[in-house]
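Next up is a structure, given as structure tokens.
We call the chains A, B and C, going by the order they appear; numbering starts again at 1 in every chain.
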Amino acid sequence: MTDATIGSLPPAAKPIKGRSLWQDAWRRLRTNKAAIVSLAVLALIAVACVVGPYLLPYGLDDVDYAAFTTAPDFAAQHYFGTEANGRDLLVRTLYGGQISLMVGIVGTLVSLIIGVTYGATSGFLGGRVDSMMMRLVDVLYSLPFMFFVILLMVFFGRNILLIFVAIGAVNWLDMARIVRGQTLSIKRKEYIEAAHACGVSSWGIIRKHVIPNTLGPVIVYMTLTVPQVILLESFLSFLGLGVQEPMTSWGVLISEGARSMTIAWWMLVFPAVFLAITLFCLNFIGDGLRDALDPRDR
Amino acid sequence: MTATLLTPPTAMTGTVATPAVQTETILAIRNLVTRFKTGDGMVAAVNGISLDIAAGETIGIVGESGSGKSQLFMSVMGLLASNGRATGSVKYRGQEILGLPPAKLNRVRGSKMSMIFQDPMTSLNPYLTIARQMTEVLVQHKGMSQSQAMKRSIEMMDLVRIPEGKRRIGMYPHEFSGGMRQRVMIAMALLCQPDLLIADEPTTALDVTVQAQILDLMRDLKREFNTSIVLITHDLGVIAGLADRVMVMYAGNVIEAGSVRDIFYDPQHPYTEGLLQSMPRLNSDRHAELPSIGGQPPNLQDLPPGCNFQPRCRYAHARCLAEEPALRPCGDPAALRAKACHLEQLPLTEADRAVIDADRAARTRH
Amino acid sequence: MLSYAVRRILGAIPTILAIIALAFFMIRLAPGGPFATDKPLPVEIKRNLEKAYHLDEPLYMQFGRYMGNVLQGDFGPSFRMRDYSVNELLRQGFPYSLQIGLIAVAVASFFGILFGTIAALKQNTPGDYGTMAIAMIGITIPNFVVAPLLVLLLAVTWRILPAGGITAGWTSFILPIVALSLPPTAYIARLTRASMIEVLRSNFVRTARAKGLPERITIMRHTLKAGLLPVVSYLGPATAGIITGSIVIEQIFGIPGIGRYFIQGALNRDYTLVMGTVIFFAVLIILFNLLVDLLYGALDPRVRYD
């Protein structure tokens, strides 16, 4: 027998079913109970914030002259109590949630756009340009960006659009770093060379190899940026530099609550609990996504 | 029972003129099974291996990735990952060491038995000087003072042929070249003059010329210290120059064993035969296709029926699918020759050829 | 090592200059001025005031003047608190902020590393999960939520610690420091855990074990150094975070530190005070980052040849 390949019996073992990266990740995410529960709770909160106000008797700005700073009272349908101006706290908390969540999403998107553009450009161009751009990021990383945001807020007014942009602009650094790192490492990978060698077009390479491989960490980072942005907005609101009346956010509510906490604990506790739970859930989901897409933490 | 098959005779027969020399058994492994708990269930990476290693001998362990050759000795040294469990018995000079708590095992590891690994760059701590990484072995196991340990370490650097040892020892790993790092690893492993050195693919990460130097070094050191060496590799060329006897592993089992001459000149298992045929030679026909063993190593969680190798074996026949061949002695028992194959011998006997042909004919009819 | 240090120091200088410039122009470009009051000032007086504070000069001249002064250490007079110079205000507030800030950093580092290492060593056991759950709380709940809650609990309900002010001696600093250090502690704990787990799995730790070193030495000598590098890197941003947090904490607890001056200055459009505090903090952060860089260089020999 002189055939070049030794072995002419067909393989008797059954074929191994392959799993794509995303299938694998989804399977892992599904088993992460904390992440799944968090997703459910978060969805619940989001729905409550959007739909809730329509189901409640009081409006955002309705003053109940019979109830100034009253404790939770189911009979009067003030489930969370009222605040100093007689407005229902539950409704305000839900509306506040809308603002806080919206700021979270939009701010993250801003941060995403800036960060991805900056990082991808830096990584793609490489060389000295890349070094310089990353040096800038390093320098900016350790500066108290918050200070400049606060200055912006104070001097240019509390425009909600400005808030979105400013907050998003604070957080893009991490995203830029991650995207740049991914771009660099992908650029060098052998499968890119192989794809080139097989005649795949540059756009094809970007579409099929670069983007899917960057997507993972970007998604994880986005999920982790949302709570940071919400936190920042709350921080600003707490200092009195956030959204303007009659709009409210969880940060504003907590600020008011902190000032009155000795006489009206509910004003502090309810918004604080909502904020805390939302941030928890987002962090669990982010962690779960990270474990699912980059499993080394066994 | 493979115990007696792979056990060197305790009394070495000498010639009339030389007295019989006692060679003691340094390491005795019996029925070692190593299992890993994975997301898809339990996997046996090592499937019941028994082996004795005598003083001063060099044994080569050959196999593909996934054959279990590395995990076998990781189990011996107690370096398994947290989801791995090893059962069976491993005795160092008669003392059971499998399953020992780390505190006790540490008295043996590094001083009586050492291990070096494939990639010297990641195997050395980049944040500590070489001096620190070497002297700590002596301070720990031999109770030396720091200055004594330094002196001995520099001597060792000279022995492994690292020039300017005194200057170099204060440097960090990233300041050394690949070959020098591996020498440092070897030096570290031999500091306490262990009885046994386990080398897990020591030259795989190095280029060919450096490879040759490292192997020469190991040969010389073996002569100097009379250390037993276990050389784990997938490269037959490395084995040829250094080993006294060879064990070939496949899918967690030993499928052939014997002296290095026997394995190279008279392979008795189709896998070994395939491995040897697939080694490119300087004098082979440049235009002929290089033979290779078709197929892939099996999925350890879904092993083929009967013999693990049969899907890729050119001589496979009905019996191979039905019955897993046990490791049995063949040829000269004193030479510890053994194989796990149903065939009588290679090259094929007439009887075996007839069986295979008949089997082929029967199948093509269907 | 020395060249590494010098290079780092030289790199910091343009950063500081850039910050001064940025702050200056931002504030000047903002609407409103230090003298925008409810009652419009008589034109004469307004013009005199502007002249006294050099506000009538062209922008670039004001900038040059300011830069020159700052580099000599003079931040100018406070626009609002006419009796004080910014330097005096900074000097007053500095000791409080420094104390709280430094102790918070130290506390966060110590406990963060401790808990993170324990969690890593006991990976996937209840001890690990418990510690990380608590860390999660520290990260998600903002310090301006924790602070009032702590005050509510410990000061108002149980009355064991003062609710604020600085009159109760060292006990008045306990709550502010705790509130300030909670988020960085949690973050450092998680960071340490992840990093240590990574290092414990590395090849050189395997070698250390193969050499028969007792586990204690393997951890202290081989793992800790490698595992703490990301934490050291994080100390820079951590300090920035603590400084940012101090703004709010000083407000809540009524501590007359620099953070409070910053907020007051921002709300009052007190240009020089705000600039003074921003520059001051920025320089502090840059210096701290420098220290951290040097520390990193001391720990990781590969970085020195950058």
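The working rule: a residue touches a chain if its C-beta (ideal position, glycine included) is under 8 Å from a C-beta of that chain, and two chains touch if they have at least 3 such contacts.
Keep in mind that this is a model prediction, so the values were computed, not measured.
Chain pair with the larger contact count among B-C and A-C is A-C, by C-beta pairs in contact. With centres computed from Cα atoms alone, the innermost chain of the structure is A.
Averaged C-alpha coordinates give centres for subunit A and subunit B that are 51 Å from one another. Centre to centre, using the average C-alpha position, subunit B and subunit C are separated by 55 Å. Chain geometry summary: the mean Cα position of subunit A and that of subunit C are 24 Å apart.
If you check the complex, the residues on subunit A that touch subunit C are 135, 139, 141-144, 146-148, 150-152, 154-156, 227, 231, 234-235, 238-240, 254-255, 257-258, 261-262, 265, 268, 272, 275-276, 279-280, 283-284, 296-297. Touching subunit C in their complex are the following residues of subunit B: 77-79, 102-103, 105-111, 114-115, 117, 119, 122-128, 132, 136-137, 140-141, 172, 174, 185, 188. For subunit C in complex with subunit B, the residues that touch the partner chain are 202-204, 206-215, 217, 221-222, 225-226, 299-302. If you check the complex, the residues on subunit C that touch subunit A are 11, 15, 19, 22-23, 26-27, 29-32, 136-137, 139-142, 144-145, 147-149, 151-152, 156, 194, 197-198, 236-237, 239-240, 243-244, 247-248, 251-252, 262-263, 266-267, 269, 274, 278, 281-282, 285-286, 289.
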